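All remarks here apply to the structure that follows.
Chain nomenclature is as follows: A, B and C, assigned in order of appearance, with residue numbering initiated at 1 for each chain independently.
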Amino acid sequence: MQAVLQILITGLTLGAMYALASVGLALTYGTMRMFNMAHGVFMTVGAYATYMAGSLWGLPLPLAFLFGLAAGGLIGAVMHLLVVRFMLDTEGFEVNIIVATAGVAILLQDLLLKYYGAYPFRQPAQIEGVFRIGDIAVTYQSVGILVLAATLIGGIAWLLTHTRFGLAIRATAMNREAALLMGVEAGRTYLQVLIIAGVLAAAAGILISSLATLSPDMGANPLLRAFVICVVAGLGSVTGAGIAALALGLCEAAIQYYLGVRYGFPVMLLLVIIVLIWRPAGLFGQQEVVRS
Amino acid sequence: MTQASNGPVASRRSFLTKAAAGAGSLAMLAGLNQSVRAQDTSPVIVGGPLPLTGAVAADGVEFKRGLEMGAEEINALGGILGRPIQLAFEDTESKGDDVIISAGQRLIDKHNANVLISGYNLGSQTALQGVASGASLIYLHADTARAHTDLVAKEPDKYWSCFMYCPSELYYGFAYLDFVKHLETSGQLKLPNRKLALITGPITYSINIAKSIEAKAAEYGYEVSLYETVQAPTSEWGPTLAKLRENPPGLIVVTHFFPQDQAQFMIQFLTNPTDSLVYLQYGASLAAFRDIAGDASQGVLYATNIGVLQDEIGLAFTKNYIARNDQKASPNGGGQTYSALHLYAVAAALAGGPGTPYEEKQNRKIAARLKAMTFRCPMGVIRFDQATQAALSYPVQTKDPSLGMAHIFSQIKNKAENGHIISPSPYDIAKFEKPAWMK
Amino acid sequence: MTALLTVKDLTTGYRHIRVLHEVSFTVEQGGITAIIGPNGHGKSTLLRALSGLLPAWSGEIAFDGAVVAQGAPGRARAGLVLVPQGDQLFAGMTVEENLMMGGYVRQDMTEIRATLAEIFELFPRLKERRAQRASSLSGGERRMVGIGRGLMAKAKLMMIDEPSLGLAPLIIEQIYQALAELAARGQSILVVEENPGRVAKVATAFHLMDGGRFAWSGSSADLKQSGHILKTYLGGH
């Protein structure tokens, strides 16, 4: 019982972070058919911005957190305006954008390294203390991560379903040409999407670094997981990504406990392969329909 | 009592004073520099293939700082026989042999390095030996790797230029068990049971240490109740802690050595601690560990077989190092390359000057000086085992503290300070205290 | 009468293949205008070019007294709205969300709600299915959503690409009844159809497209007299 509870807590914490990391990536792919290789470094930017605001400037925690989110959104916007915008609608976009965003990622990571060095700074976004459920101690930090992830993802889901601009984003994702015909400016929608993805990635980065530390390459590992999650969920499926993230988080925690920590990621990948053999388009993805 | 095994107290002060007097590497170098009038004033390129980014970048950064501080001091004295030291770095990215080899090769081909000096790198820990021996170049490192001793002992003619200025990780196993047994028999520690939990990581160093403890545990009367391998990095320790809590061991040993992961381990462990003595391999000796773990660092026990001593020389170095860098700087990291650079400078000066890549004759002279030296530095004594070209360990390989590098056990007493050395004598400055979470 | 849409020497195509050759015509305010002709001769291309999805290579398009904006969103805002071939609904959205997307170019929520009510009156089926996903609708229902979505934009000129495509005769009849009703209320409509069968009964002006050019243009009266011309092009209708 105790173990199950511990797995649940660890799994949900992991899952919540994975979800934050994946949802933005799924949204970007879903709307723009763009694999954003810089999504991981967006996480890093958010984490460092919060560190800078909280530890170096001494801003209160909520402000530092918001500053981190803003930095993530800003970097998404800047990348759209300086890079992505010019590549949209070009031939071979889906491949070229992978290369281009990977370049942006390397550049940003190098800049962070130059500016901050590689010292593993402590993320100031921490909530001290624990409470107990039976014999299990649960940190407020874990609860905070769950609550923040749920709030942010819920908030974005609400925006996507209940606002004019959210509707436009979903419309563009589902049928870009029809959205254009409805008067949706794709360029502006893409900008909004990259800002949202940047904000979500930043939140993921801040929370992940609060459980580990800052480092310029901290985004690489979560990006890999986010990709895996998006593929399992079905490329571009936003809700699917959220559900798959939680499922994989729980799965990983259970594997770590029952089989050993070192098997966590490899077994997870094995499950992914099985899922993809069984459903090549992912759990929530639609099969590619050949159009005439 | 305890002192019996650690040597008489009375002789300790005099021993330390003598040791300090013998540490005049700067004076020796200054003397050598004065005796020659430099004809060649071109810089001596010291190449640092260091993990400046990636998982162990915290150490890599310190290795770089240590070389910089050493170079400044040596250059202030006139360099090596009048030739100033110039540093060149290539990033090994905390990655495997392919990246390490190309970094080392670039230092030779592009920078024309006269010597390669690193702290440690990951990978197989035999990569740079190949690069350096291929160019007949002196290579000094602190990989703490049995792989090095095996390599050099097997092919001494090939690897004559490669030196490991610390002992191999094998001794961690005995040293830890010896030390804990000693705490128990001397009544300083009462364990609730004989169970020992081993948590190791994916890197050879961590696995070798865990294996060596596992192999000997029974001899010392301990039973390995958990052997867990974690990934690197690991920030979520929940499943591992759940296993520890289900079957609480008297001893917890974490040989996975990343300081940030160890810090998270302590933070999460202390939310619901078991009555266990916690020993963390290496990582806890770095300032980054205390910085991240904060209060959760207090009471932690760690060992390092290359750490700055807390004596006259060590403390002076620590003070200068922190003043030169910042409060978060870790002298245990920087002290390694700092010491190695001084060692090389003296050896090269004694041999008549540094060698260039492929200049086998001159580099062999330097290697001969290195093999013959007993060199006192902030980390203690560097004296190379002739067969393996690795520094000898005190007290495991030699019972004479002036002839081996101390295998230090420290305990963190305060999150703002490095751990205090509690063993071995005569370098200990504090006593073991039962950690606050233990019953 | 003022022309709502004036097209002059419009030439365009895909990549290097020219599809339209200097097409010129006007659409008057009110009523239904039909462009007919065999498939693959540029009817849909013309609508795509007018909607802004396909850039013009040369020529001029004036709409509602002004030169049109570049790009589809700008033209939708100006009231030049295309209901594309095959509906192109937002499959994952509900019927109501699809319709609301049609009103994207408008701001006033009360007016938008009023138009929605009108559409539900015109197509009562859609009101029943308002919360259903578009992907679960029948072909006829989809067409209704497609047309309704166009109406939500308060189009000054609604262009519909093949409203009868793929539908059963009974449904085609329903659709055209609705279009006739809209036209009666003053809605200007431009329809493209492969064969003039059903549209001939409701349209007031006709253009026959062949090989990227208008081969024949005239009123419904003209059409009756020129049946032989149509036969040549359309093969026996």
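We adopt the following convention: a contact is a pair of C-beta atoms (placed from the backbone, for glycine too) under 8 Å apart; a residue touches a chain by one contact, two chains touch by 3 or more.
Model, not experiment: these values are computed from the prediction.
Of all chains, the one whose Cα centroid sits at the greatest distance from that of subunit B is C. Of all the chains shown, the one with its CA centroid nearest the global CA centroid is A. Spacing of subunit A relative to subunit C, judged by their CA centroids, is 42 angstrom. Subunit C has its Cα centroid 78 Å from the Cα centroid of subunit B.
Remark: subunit B residues 52-55, 57-58, 60-61, 202, 228-231, 233-236, 238-243, 245-246, 259-261, 263-264, 268, 271-272, 288, 291-292, 294, 328 touch subunit A in the complex. Subunit A contributes residues 2-3, 6-7, 9-10, 13-14, 113, 117-122, 130, 132, 135-139, 208, 211-213, 215-217, 221, 253, 256-257, 260-262, 264-265 to its touches with subunit B in the complex. Note for the complex: subunit A touches subunit C at residues 164, 167-168, 170-171, 174-175, 177-186. In the complex of the two chains, the subunit C residues touching subunit A come out as 51-53, 71-73, 76-77, 81-82, 84, 88-93, 97, 100-102, 104-105, 149, 153.
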